[in-house]
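The structures come next, written out as structure tokens.
After this come two complexes, each holding subunit A, first together with subunit B and then together with subunit C.
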Partner chain A sequence: MPDAVTAEAVDIELAEQFVTKEQQRDVGTLGMWAWLVTELLLFAGLFLCALILRIQFPADVTLATTHLKFWIGATNTAVLICSSLTMSGAIVLSRLGWRRGMLGCMLATACLGTLFLVLKGYEYYQDYDENMMPFLARPYALGAHPSTRLFLDIYYVTTGLHGVHLITGVSILLVLTWQASRPRFLQMHQNRIEIYGLYWHFIDLIWIIVFPVLYVLNR
Partner chain B sequence: MSPLDSLYRDPDTARITLDRPADYLHAEHTLRSWFFTTDHKRIALLYLASITGFFVLGAIAAGLVRLSLVVPNGVIFTNDTYNKLFTMHGVIMVWFFLIPSIPATFGNFLIPLMIGAKDLAFPRLNLLSWYVFMTGALFTMVVLIVGGVDTGWTFYAPFSTTYSNFYVIPALIGVIIVGFSSILTGLNFIVTIHKMRCPGMTWFRMPIFVWTLYATSLIFLLGTPVITLALILLVMERAFHIGVFDPKLGGDPVLFEHLFWFYSHPAVYIMVLPGMGVVTELVAAFSQKRVFGYRFVAYASIGLASITFFVWGHHMFVNGQSQLASTVFSFLSFAVAVPSAVKVYNWTATIHKGAIRLDTPMLYAMGYIGLFVLGGLTGLFLATLAVDAHLHDTYFVVAHFHYIMVGGTMLAFLGGLHYWWPKFTGRMYPEAWGRVGALLIFIGFNVTFFPQFILGYLGMPRRYHVYPPEFQLLNVLSSAGSTILALGYFFPMIYLVWSLWFGKRAPANPWQAKGLEWTTSSPPPAHNFLAIPRVDFEPYDYPIKAPERA
Partner chain C sequence: MTREDRATLWRHMRAPVLSFVALMALLAVNVVLGATLPFRAVWVAEAVVVVCMVLTVLLVSMEVWSEPPLVRVFSALGFFWLLILFGMTLVDYLTR
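Let's turn to the complex of A and B:
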């Protein structure tokens, strides 16, 4: 029974605004979903811009896309999908009440997230090296094709914003892991793992949209 | 059914709250108990005090703008000063007053009371949202002190990213931060309305005010992140030359307008929808009648919140948008009139044959309905493609949106403030002064803004302070009206503060109104209700046949 811990053994104190503990649990989950909806809208504008740009300037956008580091992006996609797998593992184990396994999975998730950031940083460095940063006061490789600039600028803003979310995510995850290593955590706050899991999967999901929209289409 | 249960259905009008437990205002007295409170009622009052401060600042800026326009040659202020004045007026009034006005004060205070909850779902997040708001406010104050900003509240690129010589980045950061406070408030309301309703409080037993705030919160959640993104991109472009909007850097200026208005048109409904909710409450209470077509009014709120996301293009009819897009946006903009009209007709039908009392809140509500109709209908003129080519960026537009935002939201805010003032503070305001104030504001408002319709029709562009001398008469009339309006605003500011100490003690339900918020004492105890209410009756449960006037 995976729900054994969640439904029965919650001996968390009832906060004063609630009537039942069930209500208290549901509220956290719904709150996170509502937050994720706003996050989705935050990125949606950028995706839409990139897609419309492709329709308007297919040749230039294709040119810009071929200069992106496809294999680093693809590796990073795989890394993030794996991190979602380990995060799901942490959630399942937290439901079963197996604390050590859960902590291991959470640390693995944080490591994969960090690996993603390292690879992403290396990719930025390569972009810099190939003069692919049109906003810097130095020569720009595709200067002859002006509409590549907007596409690349959107690429940097989108991946940068995603990176900020990932840095936040890893930081929160490390704090959560530290909290969860204390003995009575699972009895009290198991739902924090579930709620955090939603956020982590969401970051992953955003990248799964970023990758095709920026790297793959028109290639 | 316990005696308490029947009380929720028929609020005891005579019950004076003497032997009550300490109410939320008197539960604790320290400064700490206010600034670190998690009580939604106290947070609502924190918001009320802060937005009132901003309203005064924004109103002073407006007064100076009107002062400058008394003479046609623009000698009173320099061009830069004038630009900064209307920008500060717009930025403060839109982002720091109108958007948080009704949701963050009345919404915070009343949603838990109206649905029978002890507090919002996330009380600490609620407090955080106020601190976030004040942090954004701090940035704006700094901008104000060090020298202002001259982009207009719309921050259009590339002027804002490349050419403006003033403090655009801190102003943008202030607005971005305030956006997060909106998101937190909206998130809190949505979760609260979904999960915190008391037993028996079904969706269709909720007051319309709660429905409209649900719709508003949807806009907070879906719209605000888009403006956050647009403003972040502006900061990026201005600070790091990541060109997204400036053609010189490879960007597209119309793209900014798309992103900006995708939020900022729905933002109009962030301002208007809660006002509609307030007016629905007022109309029902002061006509002692059920809301006519309750379900339609509820659906119309959600309808407005949905359609409003698909009309942003009507701000760009003459800004290089394709003809096809303009036609579609024009059609969709007309569609907004349908749910708006549903509301207006339903209010009218609710008033019809009611036992009407023309107390101050009802005066504001009636003023709201009239001015909202005028503002709404002129909106249809502007949604017409050919007419907009003539009226775009003229004073006609200025008059139109002031009819919606001041004639609409501001009057609803004041009406609601008077209506719920006894519940907030436990004191009654002086009725006679209230009526005089309401009348002055109505007259002052119309004298200020009606001439602007004519000015705009004659071709006076907005945001100019040098204009042809033949427009002077109407401009002087408008400025004269603004002094009446300002005088009108002084009335409630003075007598409401006065009433805190000298007002008559309020009974639990001074208006013989229905609704759970009137069943608890005035002011309510710290956890709102002595016992969790149970609801087995419809909203606005007034007697079917209107009672004779007492």
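Let's turn to the complex of A and C:
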């Protein structure tokens, strides 16, 4: 590997508030997990609302779900699973000190995240075109079934919130890629790649739940 | 890249690649079930597949299995709170 540092040289710079580098690594990981747990609870409330609507209004929720773009949702799930693999690749290569490969994996992850957003945008456009946005001041295709509005509102809030997380994730990833392309990054801040990787895998995890809860279970 | 480099890379990437294959296979199962609806209680099978996918991401991709005990406790607690949230709320709706 021509553009690599040895695995022994991969390290982090000890901040003054920590006793050892191991402690610093563990605290970073624990801090990210503490935040991810609060994010999990945020999304869980939305999943719970969707399930309650399914129990309360089964026929209307099934009707609304049949209008969702099942195959775009499935394709997007596959795209995010691929991005998880490339993110894992970036983490592994950062541990090995293979900088060029790591940067390639990070850029591939950002590209896959962007592809997800493009497909999601196309899905929203199709929904708009088919008058499936009940919150807009325009005709609504399922106006004769008022309960479908509730489910579609949950659908847009959940997928929109996930999209915001993905936009944030891609933005941070691009900045991190730029930082990681500088010399000595892996000798001083390798754990940033691992901590960020947790966030990316979490975005994937949430979508793995969103897809069945909104698109599959209600069909 | 030398043969030794390739061997090193595969040794470290084996778990992520295997979890990727498992996740894609589980997704395929759920997509087929969702598209064909082969039996009445298909949602039970779909839910089981989702739980398997979530566990795969948590334990392999997010490496919870190899984290220090405190991190494992944090991640487990998050899902424990979800059990309380879902359990208590659904008991109300399902028993009305």
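One rule holds in what follows: the second predicted complex is superposed on the first by the 206 of 219 C-alpha atoms of A that agree within 3 Å, B and C clash if a C-alpha of one lies under 4 Å from a C-alpha of the other, contacts with A are read in each partner's own complex, and residues count from 1 in each chain.
Note that in this section contacts are C-beta pairs under 8 Å (C-beta built on N, C-alpha and C of every residue); 3 or more make two chains touch, one makes a residue touch a chain.
As the structure is a prediction and not an experimental result, all values here were calculated from the model.
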Check: subunit B versus subunit C on the shared subunit A, clash or fit?
Finding: fit
Check: Does the superposition put A:129 against subunit B (first), subunit C (second), both, or neither?
Finding: neither
Check: Thinking of the overlay built on chain A, is A:149 touched by subunit B (first), by subunit C (second), by both, or by neither?
Finding: first
Next item on the list: Please indicate which partner A:157 is in contact with in the superposed arrangement: first for subunit B, second for subunit C, both, or neither.
Entry: first
Margin query: Applying the document's definition of touch, where does A:26 land relative to subunit B and subunit C: first, second, both, or neither?
Written below: both
Notebook entry, point to check: Should A:95 be classified as contacting the first partner (subunit B), the second (subunit C), both, or neither?
Noted result: second
Next item on the list: Tell me which partner A:13 touches in the superposition: subunit B (first), subunit C (second), both or neither.
Entry: neither
Item checked: subunit C versus subunit B, contacts on subunit A by residue -> C
Note to self: In the overlaid three-chain picture, which partner chain does A:35 touch, first (subunit B) or second (subunit C), both, or neither?
What the structure shows: first
Checklist line | Which of subunit B and subunit C A:46 touches, first, second, both or neither | finding: first
Margin query: Minimum CA distance, subunit B versus subunit C, superposed model, integer angstrom?
Written below: 5
Next item on the list: State which residues of subunit A lie in both footprints, the one left by subunit B and the one left by subunit C.
Entry: 26, 30, 34, 37, 41, 44-45
Notebook entry, point to check: Residues of subunit C touching subunit A in their complex?
Noted result: 1, 5, 8-9, 12-13, 16-17, 19-20, 23-24, 27, 30-31, 33-35, 37, 43, 46-47, 49-50, 53-54, 57-58, 61-62, 67-68, 70-71, 74-75, 77-79, 81-82, 85-86, 89-90, 93-94
Item checked: Interfacial residue positions of subunit B with respect to subunit A in the complex -> 117-123, 125, 183, 186-188, 190-191, 194-196, 221-226, 228-230, 232-233, 236, 240-244, 249-252, 255, 259, 262, 527, 532
Checklist line | Residue ranges of subunit A in contact with subunit B within the complex | finding: 16-19, 23, 26-27, 30-31, 34-35, 37-39, 41-46, 49, 134-135, 146-150, 153-154, 156-157, 161
Next item on the list: Note which residues of subunit A are touching subunit C in the complex, please.
Entry: 1, 26, 29-30, 33-34, 36-37, 40-41, 44-45, 48, 51-52, 55-56, 70, 74, 77-78, 81-82, 84-85, 88-89, 92, 95-96, 198, 201-202, 204-205, 208-209, 211-212, 215-217, 219
